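Across the two complexes that follow, chain A remains constant while its partner is chain B and subsequently chain C.
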Partner chain A sequence: MLLFLEQCLNGLQFGLLLFLLAAGLTLVFGIMDMVNLAHGSLYMLGAYFAATFAALTGSFVLGALLALIATLLVGMAVELIALRRLYGRDHLDHVLGTFGLILFFNELVRLIWGPAGMNLGLPPSLNTFVEILPGVPYPTYRLVIIAVALLVALFLYVVVMRTRIGMLIRAGASNREMVGALGINIKLLYTFVFGLGAALAGLAGLLQAPILTVQIGMGENILIVAFVVVVIGGIGSIRGAFIAAIIVGLIDTLGRSFLPDLLRLMLSKEAAATAAPALSSMLIYLLMAIILVLRPEGLFPASGK
Partner chain B sequence: MKKILPGLFRRGLFALAGVAISAGAILALAAGQIAAQQKTVKIGFVSTFSGPTAVIGNDMRNSFELALDHLGRKMGGLPVEVIYEDDQQKPEVGKQKTEKLIQSDKVDFVVGYIWSNVLLASLKPVIDSKTFLISSNAGPHQIAGELCSPFFFSSSWQNDQTPQAMGHYMNQKGVKTLFLLGPNYTAGKDMLAGVAATFKGKVIGEELTKWPDQLDFSAELSKARAAKPDAIFVFYPGAAGVQFLTQYAQAGLKGKIPLYTVFTIDSLSLPRQGDLALGVPGVQQWVNDLPNAANKKYVADFKAKHKAYPSFYGAQTYDAANLINSAVVAVKGDLSNKDAMRDEMRKANYASVRGPYKYGNNHFPIQNFYLQDVVKDSEGMLTLKTVATIVENNRDRFHNECPMK
Partner chain C sequence: MNVSLDWRNIAVIVVLAVLVALPLYVAVTGDRFMLTLFTRIIILALAAMSLNLILGYGGMMSLGHAAYLGIGGYAVGILAHDGITSGFVQWPIVIAVSALFALVVGSMCLRTRGVYFIMLTLAFAQMAYYIVAGLARYGGDDGLTIYKRSQFAGLIDLSNKVQFYYLCLAFLFGGLYLSRRLINSRFGMVIQGSRSNDRRMQAIGFPTFRYRLAGFVIAGTMCGLAGALLANHTEFVSPAMMYWTRSVDLMVMVILGGMGSLFGPLFGAIALLVFEEALSQVTEYWQIILGPLLLLVVLFARGGIAGLLTSGRHG
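Right after this comes the complex of A and B.
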């Protein structure tokens, strides 16, 4: 039972991290109608920036803040220089263009930081564990990730639902021509949205850095899972991304930890040992397939689309 | 008009003649090159040169180049030509690159292969073309057993051997219950089977993680702690070893449950693992401080050139170059005499940096395995040190399944 609770916490932490990635992805996808494969590169840049700035300033928190700003700026620059030319084109062009950006950023990182990767150390106050329940120590830092991601979720909710800029974002998602016709600078809005998405990806990357370390191509595998979250949650819906991310995080973690034991009850030991890892890594894709059959628009389709 | 046209015409003729002459020259050059190519030893080198594990491929290449420098870049009087190919750590890419080396480059030897799954996918085209393949790292049990071939040699080990030695060591340390963790691919399964083959206590849990993309081990570490084992055994090669040790410490397991490893701490990952690796034992067939002359020269020259310690990946690749050299020298550069080259390689008649070893019937080494520990050298740099010999002249446990005698 204790193990189950601990694994739920692990799943929640993974899910919330996915939410940070998926929120940016779904904003850009839903509002700008832009398939951004380079989202994982921004995640990687966030981690590299954080490792560099933390080493320069000697402070984890300061390094993280500077990295966040840097990723925001890089995101806006990418939108201004590259992506602006791709609007109104086919999704296949988006995929090609942003795939090119992945190659570009991987090579850029290799040139600047070298191929070996970096470490982002935690301050001693975070590099410990707390006993959440008697006999169950849990890494403090993973609790911090949960807290930060929940705060970001709240912040996004307030920005999107309660502010003028949020209203414009929602309006832009429903009918961009009308928003433009009403005299809103839609180009500026897009640059802002993309920068926000980039900063969220960067935040996810720098939060993961102390756990997974910093290396080239670190954003590519997790991006696939983030796309699964976006599809399950409904494209363009931040609420959907939040719920779907937690579901995916829980299913993946609980599947990984309990499926082998479950299969062992039904199959022979050898068959279970081969089938379990394969099946548990497929679970989230199975979930996506089921959702696509039952609700092709996702769990929470963005309104007006 | 009359004047200009013939002028143009004449210039055109000159141009045509020029093209014809240069084309002829190129053809002649090309013919010369083909003639020259038949007098070189052509080696195809397949390893990982991109992505997070490119550091391993680079280390192997550096050691191979160092070996060629030591040989004067010649083998049996013939100049050596090496073609490096990047397998991207993917079996399908490795197979394709291997086929390219065999079919269009027509290499005499294929060397390298970090990953067992890449090697298994690439084996057939090399063997079918009767080209020698020297694996300088991967040693899947299939190739030691039913897939063994007269054209395959290992300059490293069979996957199970190293964890088997670690199993012996854990018996010595009185470990009674053990939890196993490793990546879910060919080598990961071999490693966990290897340790289970010699460990006399009880294996109370076993987790295989998705490879190579799963890098967060929170769920597995929680399970391992809940199982309350005497010790945890892991195999996480390359960058994954850095992530594992970091998360092991963050989960509060360091100092609580002892960790035993194979291929998780090496000179490439140590700079990033730092103090987390202190006190974590490992097993290897080669350590940088082995006191033989060939090894002293290799380590000293490598350090002078690259300002870092070589890794076991590099040492095995350095050996592979010298193994090939022994064969080419034995036939005096007659690369068509494959039987004589095979007979020579079977003797392992060269100065291996691990010290002398023998080949078994399946062309896998019969060799010693050492316990290694992490220490700081005189300059404060973390490095590995030999502590003890765990097993001597160890032979892999699959050689009986190999039909070769």
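Right after this comes the complex of A and C.
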């Protein structure tokens, strides 16, 4: 039971991390109608920047802040130089163009930081445990991730639903020509949204960095999971992304930890040992397939589309 | 169809002649590496051609096409691992398994459109990836070495590099012939019509879903066969050959060569792999050049190589 609680928290933490990635993806997807595979590269860059800046400044928090700014700048630069020209093209062009960017960034990182991965150490104050229940220690840092991601989700909600910029973003999502015709600098708005999404991806990367190794290609796998979240949640819907991210995070984590035992109840030991890893990795894709067959627009289709 | 001597036809003739004559060149110079490289190119060209059937002519943006490479390869690998090396058993199974997978995937994915189609095909490919990665008995993540290539009762020796090369080339020519017949048939016209305007095709009375599904299965089966060839070529299969980035590689070949053109995927496969090979001779960090180049192709060279070759004709 305690293990279950712990795994639920892990799942929530993973889900919220996915939300940070998916939020940027769904904004770019929903507003610019752009499939951006290079989003995973920004996630990777965030982690590399954080590891580098933290080593330079000697402070985890300062390193993280600098890394956020750096990813924001890289994201805006990428939008200005390359992606801007791809808006309005079909999705195939997006897939290929941004795949080119993945190759570029992976190789650039290998050139600058070398093929070996990096580690981002936690400051001693975060590298501790909190007793969430009497006798149940839980890593402080994972709780920090949960808290930061929840704050970001709140911040995004306020920005998108309660500010003028957010109003323009939503308006741009439902009719970009009209917003442009009303005298809004839609190009600048897009660059801003893209930078915001990049920064969120970078944040996810740097938050994840102390838990995993920082390495080349770290963005490729999680990018696909983030796409699953976006599609399940409904393209363009931040609320949908939030709920879908938590569902996906929980299902993935709980599946990995409890499916082997569940299968052992039903199948022979050998069959369970073979089926469990494959099945638990497949769960979220199965979920997406089922949801798309039942609700082709995702759980929360963005209104006006 | 009268064959005029424009740049595209000249290029096609030259490329095909070079492919047929390549073993001669290798016999003279002893450059075995060229033979290995071009065997690989021909196999991947066959895979890209199968993707082009549904992507270029049918407008179905499958981001999971590498799954069939893996399924075909693993069918050969698993049977060989369990001692069944006869190609007469292996290859029909390759065809059956990849056709079945395509039928299941297609019947679900083809109900969706656009981005959702991309994501669903991707999801099924990822599932296939995790299934083979979970096959601990057959190497799991580490992959599976094939100790004996498919046996064809002495008719053809796949371990002989030249014979294997010509077998692959025969498959490529077979694929080209089949594609051309398909595209120009009534069946091909329905699929192309459905790409342009599916609703109108349905209104005319064509059950387009069935046609598109049939096209999807044919493409998947072709790619499964390419996978069986690839497994025999590398004598090794691993889940990595069906990872989603491999599917994008196939897409790159199709786009680079020219989507919706018969010989485009062949041009694309040659261009991409030869270019990769040449660049990797120059610098270890060749992808840093390839990446932006892809972006430039997408931005400025629509229609790919085949498009460039014909653009002069229409002015």
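Observations on the model:
Methods note: the second predicted complex is superposed on the first by the 305 of 305 C-alpha atoms of A that agree within 3 Å, B and C clash if a C-alpha of one lies under 4 Å from a C-alpha of the other, contacts with A are read in each partner's own complex, and residues count from 1 in each chain.
Following the convention adopted for this analysis, a residue touches a chain if its C-beta (ideal position, glycine included) is under 8 Å from a C-beta of that chain, and two chains touch if they have at least 3 such contacts.
Remember, predicted model here, so these are calculated numbers, not experimental data.
Overlay on chain A: chain B and chain C clash in the combined arrangement. Of the two partner chains, chain B is the only one touched by A:129; chain C is not. When the two complexes are overlaid on their common chain A, residue A:273 makes contact with chain B and with chain C alike. Residue contacts after overlaying the shared chain place A:142 against chain B, while chain C stays out of touching range. In the superposition on chain A, A:211 contacts chain B only, with no contact to chain C.
When the two complexes are overlaid on their common chain A, residue A:61 makes contact with neither chain B nor chain C. Once chain A of one complex is fitted onto chain A of the other, the partner contacts of A:281 extend to both chain B and chain C. Of all the stretches 55-63, 73-81 or 145-153 given for chain C, the clashing one with respect to chain B is 145-153. Shared interface residues of chain A (contacting chain B in one complex, chain C in the other): 273, 276-278, 281. For chain A in complex with chain B, the touching residues are 2-3, 6-7, 10-11, 13-14, 115-117, 119, 122, 127-129, 137, 139, 141-142, 210-213, 215-218, 221, 253, 256-257, 260, 273, 276-278, 281. Partner chain A is touched in their complex by these residues of chain C: 55, 61, 63, 108, 111-112, 114-116, 118-120, 122-124, 126-127, 130-131, 133-137, 244-245, 248, 251-252, 255, 259, 285-288, 290-295, 297-299. Of all residues in chain A, those touching chain C in their complex are 29, 35, 37, 82, 85-86, 89, 91-93, 95-97, 99-108, 110-111, 220, 224, 227-228, 231, 235, 273-279, 281-282, 285-286, 288-289, 292-293, 296. The touching residues of chain B, when paired with chain A in their complex, are 51-52, 54-55, 58, 184, 206-210, 213-216, 218-220, 222-223, 226, 239, 242-243, 246-247, 249-252, 271-272, 274.
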